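Each of the next two complexes has subunit A plus one other chain: subunit B in the first, subunit C in the second.
And then the complex of A and B:
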């Protein structure tokens, strides 16, 4: 028995010669055929991206309401803006008028989905935050303190987390939600992105595959990052020099699927970049994905769970979260395709009943609410899939494919999806 | 004003020439003096590690109760063990005796802290899991199924997550806690580590600094990983070829402190390897830390919050968790030093009152419980610090140091700790 053990072990070269016992495996064409169709697709994407997506900004649209967006500012511009603001406040105080901040509103009523841009933006409503009112004196003080701290960061040219910021003055901020919220206000007041303020979020995402980029001056080759991959840097402004020979970017919701693909070096069989935020998208991963899409002009294909939250995650990458709508231009990646797992895949790929999960009341409600969202409605294919999910009341995780074998995802499901260009 | 902006910006070369306005900063000696004392320390550690720590195993001790430990097995040994087990079960069934698994107990009563080894181990109590009993038929079936799935992994030589494993037979396993728990049983039955079974946990940790290692065949230089660092690989068996010119390993509890040190490239000023699991230690990071300590023979200094959970985290790295005590020999890193933030540091470094947090009832209870734990009691310095914490009822996070400026951690606190060799 020991003698034939080696023989039975899977080697990297048996992709094409394996026994075709798995469902749908016999439909698979040779890799070369799939690759050549992907190549023509990639060429089409990069030409269309450069001609259309690049052109459309808020300024190009004649919207009924004025909208507000922030931009990336250099550190010295942020510094100057804070200094100008401080000067104008000083003048106001010296002239006996006291002072007050004019803060753009980030409440729900001030949000707008712009179909032409396919993302949520902030309208132009603002509110005053006077120092001389009992109701706002604390918040005005917090705002001034945050502005002062950001000014320090500009002088030192370093990055800190929101948590660090909170700890510089616990007595004033009381709890972190207060300093976090005012930090978003300060972005809006100064009209710049949070990254421009040098305040970064904890890193969570990883990337592996056909991508080379520089992180804080070090050149990183993501095909040489083993199975662990490269942690996505928290500060996008120190990321640059992206280059790639990939044909697409594979955006994966879950860590487990990412690991399967990294271990199988899926990116060598089908040249791609694989990226995951391990669940809810964090700001660093969203910025990184957008930067890849914009600089490399590659199609982005999303592999998420077949449940309302999978689609929700896709929507955060695609058109932004309401909380940070003021920065949607920088945080969102246009034109993400829904590859799978889609509700119609459950029957198509014959996912066994026991691997499907019944949707809870809450799931169904979330699904129905999403059917009303503009970003879903503008894509008839998504409406159809989501309606099917709500109708069948069934959901499934990416891992459900493991019921056909641990490598079904990388060896059958994904290749077939690519071959059939089956995304919406 | 614009003209002197550049001047005021911090450059990387001002470590020694900076104004000494921060608390304790004037105590700092030149880096060269700190480095030379660290070098002699490092030499002492590596010689002591090789002579003592290496020698002690369970077998060397004459303990009153027999203890059970698992070892790393090659994939083919795991495969053979499963096949032998299947054969013996077949014999048992054919001879009319039915079958039953003998499963080592992992209940609290079966745990033992061994001071000589400084870790928790599993005693030798086992229980039978017969197929012919209504109470255990399900669990026996689950055990057989998990064994079969692990056997498949051996044949294919791939790694999967616990979640993948669960999804291969949702109908049988019902929920993931059941397949997870039986997976630990299977480790104990076969007497091998969970890594040997090729079932890996989600990766969470990152590493940066003076370390070179190979991940799945790719050589990684962790000084060239920018600010993001390298994600710690989920499968330790594909990690190798570690080399380093570091003087110590800095184990950091929190992401924020890690980022501060990575951005400041602290490892270039004081040659070290910086590692974090971003909170609770995961199995991959624990295995990675142990491997670094064992192969590189470097002292490990821990930077954790000054609260009972910081010490708890230190203890999981140091002497293991009860849930996986059967594998404590492979998962634990001996002789981790508690660098800070220690309760006595709060006054010593004059952490402002508003950055200290009052301990909750639960915190105080956890602290008191930990004072009774063997791994705390064997270190009189730890007992003293923890008693102080419980007495003052104050806790503080690493970030509390930010109240002296964002870079106080990397520019004053840590250098001074290293200079004074102030760890326990």
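And then the complex of A and C:
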């Protein structure tokens, strides 16, 4: 800790000397004041989560009959469910009836936002995928093939990526979106999470900051990972022993903003963990974030673009995507605070006109659609911000702050935001 | 004979040259004749450059010829010939002696020593590369043809000839019809191809500007026993014809029509495809016409002869001349109508000079105009203020929309025939909308949509017609293009916008086509009435096509169902069998995990009593059964439906051609010998 403090002091004096001209800088109180406010937030979060540590489940809401959810299954149970499926198919074929799969529907109409859980869940509608129909023959075949491949993975107890899976039979799968989508179907059929199928997505997310965890037995200190940070491991089941002295987790939408924060060692000035998935989050990052939140009990603050897509990404972290709603229980992180950049910040921080972009027709439409979404409506602050965005028809990326200097984000904007406790 | 322009202009240029440098000219009030104006602004009429001029000349002559034949309800027979004239031939035509170049460096295309060195080095390098490629056995790319060294001085000249079987022209009117810009017979309110009396005269002005040669017209009207032969050019400064020959000759063949020769500068190489497209599209929209298009040059391999045969005898009726709609007139027009009218009083004037004003309505209008107006007041005595009042009332009062009776659309039948004839599509649908109104002018939109065909490229192929002329230029901004691209969701009609070969034909006819820009090139996208009419017409066609396409897809599914289902059998059974095999292995290794029935099954797998082939066989049987059931269901549902029969058009017998007769259809030809 001592060395950390020294480091921080140094950065403090640096920025006092070098960048006195940055706007709004005078409003900044000394870091100690900001830190104390953060500590209170952190304490509040950990106490609130510990008091309601027992998370609600579908069963608690007596929705388990109408909604579908998957669980983590062991390899052997995945194997045995595939085998019993294969046996029933064989019996069906031998008796001359062909075969068909009953696949839970993952279409938009089959989703439900449950406010009590604050996430999207899958309803119980399923569709039949018979082999003997021209419309579904391909998909039925692909499903059978994927099941067989997963069965092999179970026997050999290894992990492969989605890309690997696709390349085992390129001729049949034709393109990766098809095999990926059937893989999600298979998860639903078997009623297990995708990670239990031993298929992982290529790593995309990175983490840096005050976090120590073990990955497959190796201890990783995320303050000593250089500028790029540690890639978030795709197999969450091999991650453990998380410990941290951070006060909050900072979720960043963009790689560029992440780089700036990592290079400025923002996490040393304000002890935090910085995570990004470089755009739309992948499963591994979402799982990792949830694990951090659950184990470390830290507040999560999000830094996203001020446009409808920024909010959309926030929603995926918060209440899940429709594509993966069957596993929303494991993938979502409750209680994410929207720190910035919010539409109201554009005027508050006097972001110059040339850095704001006009919203396109499509943007405005997306914004209006999102105003109707439940996960936005539950938070009046968000509704207000989004309405402001749709009204002004202006959007801005995180990089717009660079107009005041490249380090404005880490030197002024974020500290000021934290000081004012300006999150929703 | 060529005294008109060439002798005058040098004098004038000499004058201006000698005067201008000495003292700045006072701004003299000058007047310009219409001919002068158009000579200076020839791009307005589509004579932007030699290539386009050649195209526009052909187009103006063809359109005039069609208007002429249709006006006497004669089936058009047109012969268009473009004859390339080499420079020396041209020089001999105008009596100029060919001169060899003496000072080579004077010319633009002179190759300096340095340039030659560079060129030779490049050629040597190319050859080297080619030799290397050839040695490696690579497929050598065709060496880029050396660019024809053609300087600016070496332009090509063309004699454009257009012969028709139309009305012909009265002997005495011919000089004015060709030698006076903005004089014409089509000025009335009527649907015609030409409008301004500009086309043929512009060709003449262009020929005078580029070659100095006169235009030659021979013409005869029905029942005349002579042919008028007239050779003339135009006095641009005075806008009057300058007649060389104007005489009557014998008409032994009882021919009627007109034949026009004009020699102009042009560029066939760059505008070849445009001209051919124009002819092809003209053939689409006028399938009742017969065109013979010929391009003749010294190099015989460049020659083109295309005959667009007639496919129907049914012609759209001659569009009648109509009267103005009250909401389409302006002050000037009212004054002109008053000056021209034969009616005495205001009531009769209103009643007879406009459409959609009946007697009682005219009386009501006059009552509304004010106390100083009366039905019996002489129309010629109206003051300017009173005319303004009438105009205001016309603007504000409500009138019935003009009817489309004065329009002569190509007709769905002709449009359809034209599309089938030129594109040979797999499917075609046509639609003819009812008349609608834009600013007091009625218009009718007809559309055809075709799918498939030969010589059609993938994606949208748009063919636009206005008053039955094809529009080829400025496609991007046109209302039809924009509608087809942006406002039609082709997917809804099971048409793939990028993959399918879609032909979109839209023909708009009106007494006044609201062309945008200077030439008759495109119709703007800002007129909502036309835009929505175009959209509905195309949509109507698509709706017709959709059911056909659906039926086709269904039929194809029927045929391919069994094949598609069988295709995946090896993959599916292979996958399942592999799982079974692994299970059988673990089962054999005595980890007893399966129940009786399943254990039995796995035993059979181990004993190879059940193999992959067993599964495949069983699945194939199932597919067979399902296919049979579905085929039965399809047959009972759809019944025995026959495709609508397409009529075959049989060419009419021609008296002089008595060796054999062709019976044509898209599939075969019967040849009947006599």
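Rule of thumb we're sticking to: the second predicted complex is superposed on the first by the 375 of 424 C-alpha atoms of A that agree within 3 Å, B and C clash if a C-alpha of one lies under 4 Å from a C-alpha of the other, contacts with A are read in each partner's own complex, and residues count from 1 in each chain.
The rule is short, and it goes like this: contacts are C-beta pairs under 8 Å (C-beta built on N, C-alpha and C of every residue); 3 or more make two chains touch, one makes a residue touch a chain.
Predicted, not measured: the structure shown is a model, and the values here were computed from it.
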Quiz item: Thinking of the overlay built on chain A, is A:155 touched by subunit B (first), by subunit C (second), by both, or by neither?
Solution: both
Now for A:74: first (subunit B), second (subunit C), both, or neither, which partner does it touch? neither
Worksheet item: Where does A:132 make contact in the superposed view: on subunit B (first), on subunit C (second), on both, or on neither?
Response: second
The answer to whether subunit B or subunit C touches more of subunit A is B
Task: Touching partner for A:140 - first (subunit B), second (subunit C), both, neither - done: second
Practice item. Give one of first, second, both or neither to describe whether A:89 is in contact with subunit B, with subunit C, with both, or with none. Key: second
| query | So, A:255: does it touch subunit B (first), subunit C (second), both, or neither? | reply | first
- Task: State whether A:97 touches subunit B only (first), subunit C only (second), both chains, or neither.
- Result: second
_Touching partner for A:280 - first (subunit B), second (subunit C), both, neither_ = neither
Quick one: is A:225 in contact with subunit B, with subunit C, with both, or with neither? Answer first, second, both or neither. first
Dual-contact residues of subunit A, meaning touching subunit B and subunit C, are 80, 83, 152, 155, 169
Counting only contacts in the complex, subunit B reaches subunit A at residues 1-2, 5, 8-10, 76, 79-80, 83, 152-153, 155-161, 163-171, 200, 202-203, 206, 214-220, 223-235, 238-239, 255-256, 259-260, 263-264, 278, 352, 354-355, 397, 399-403, 406-407
Per the touch rule above, subunit C residues touching subunit A in the complex are 557, 560-561, 564-565, 568, 571-573, 575-576, 578-580, 582-583, 593-594, 597-598, 601, 610, 614-615, 618-619, 621-623, 625-626
So, in the complex, the side of subunit A touching subunit C is made of residues 80, 82-83, 86-87, 89-91, 93-94, 96-99, 131-132, 134, 137-138, 140-141, 144-145, 147-148, 151-152, 155, 169, 172
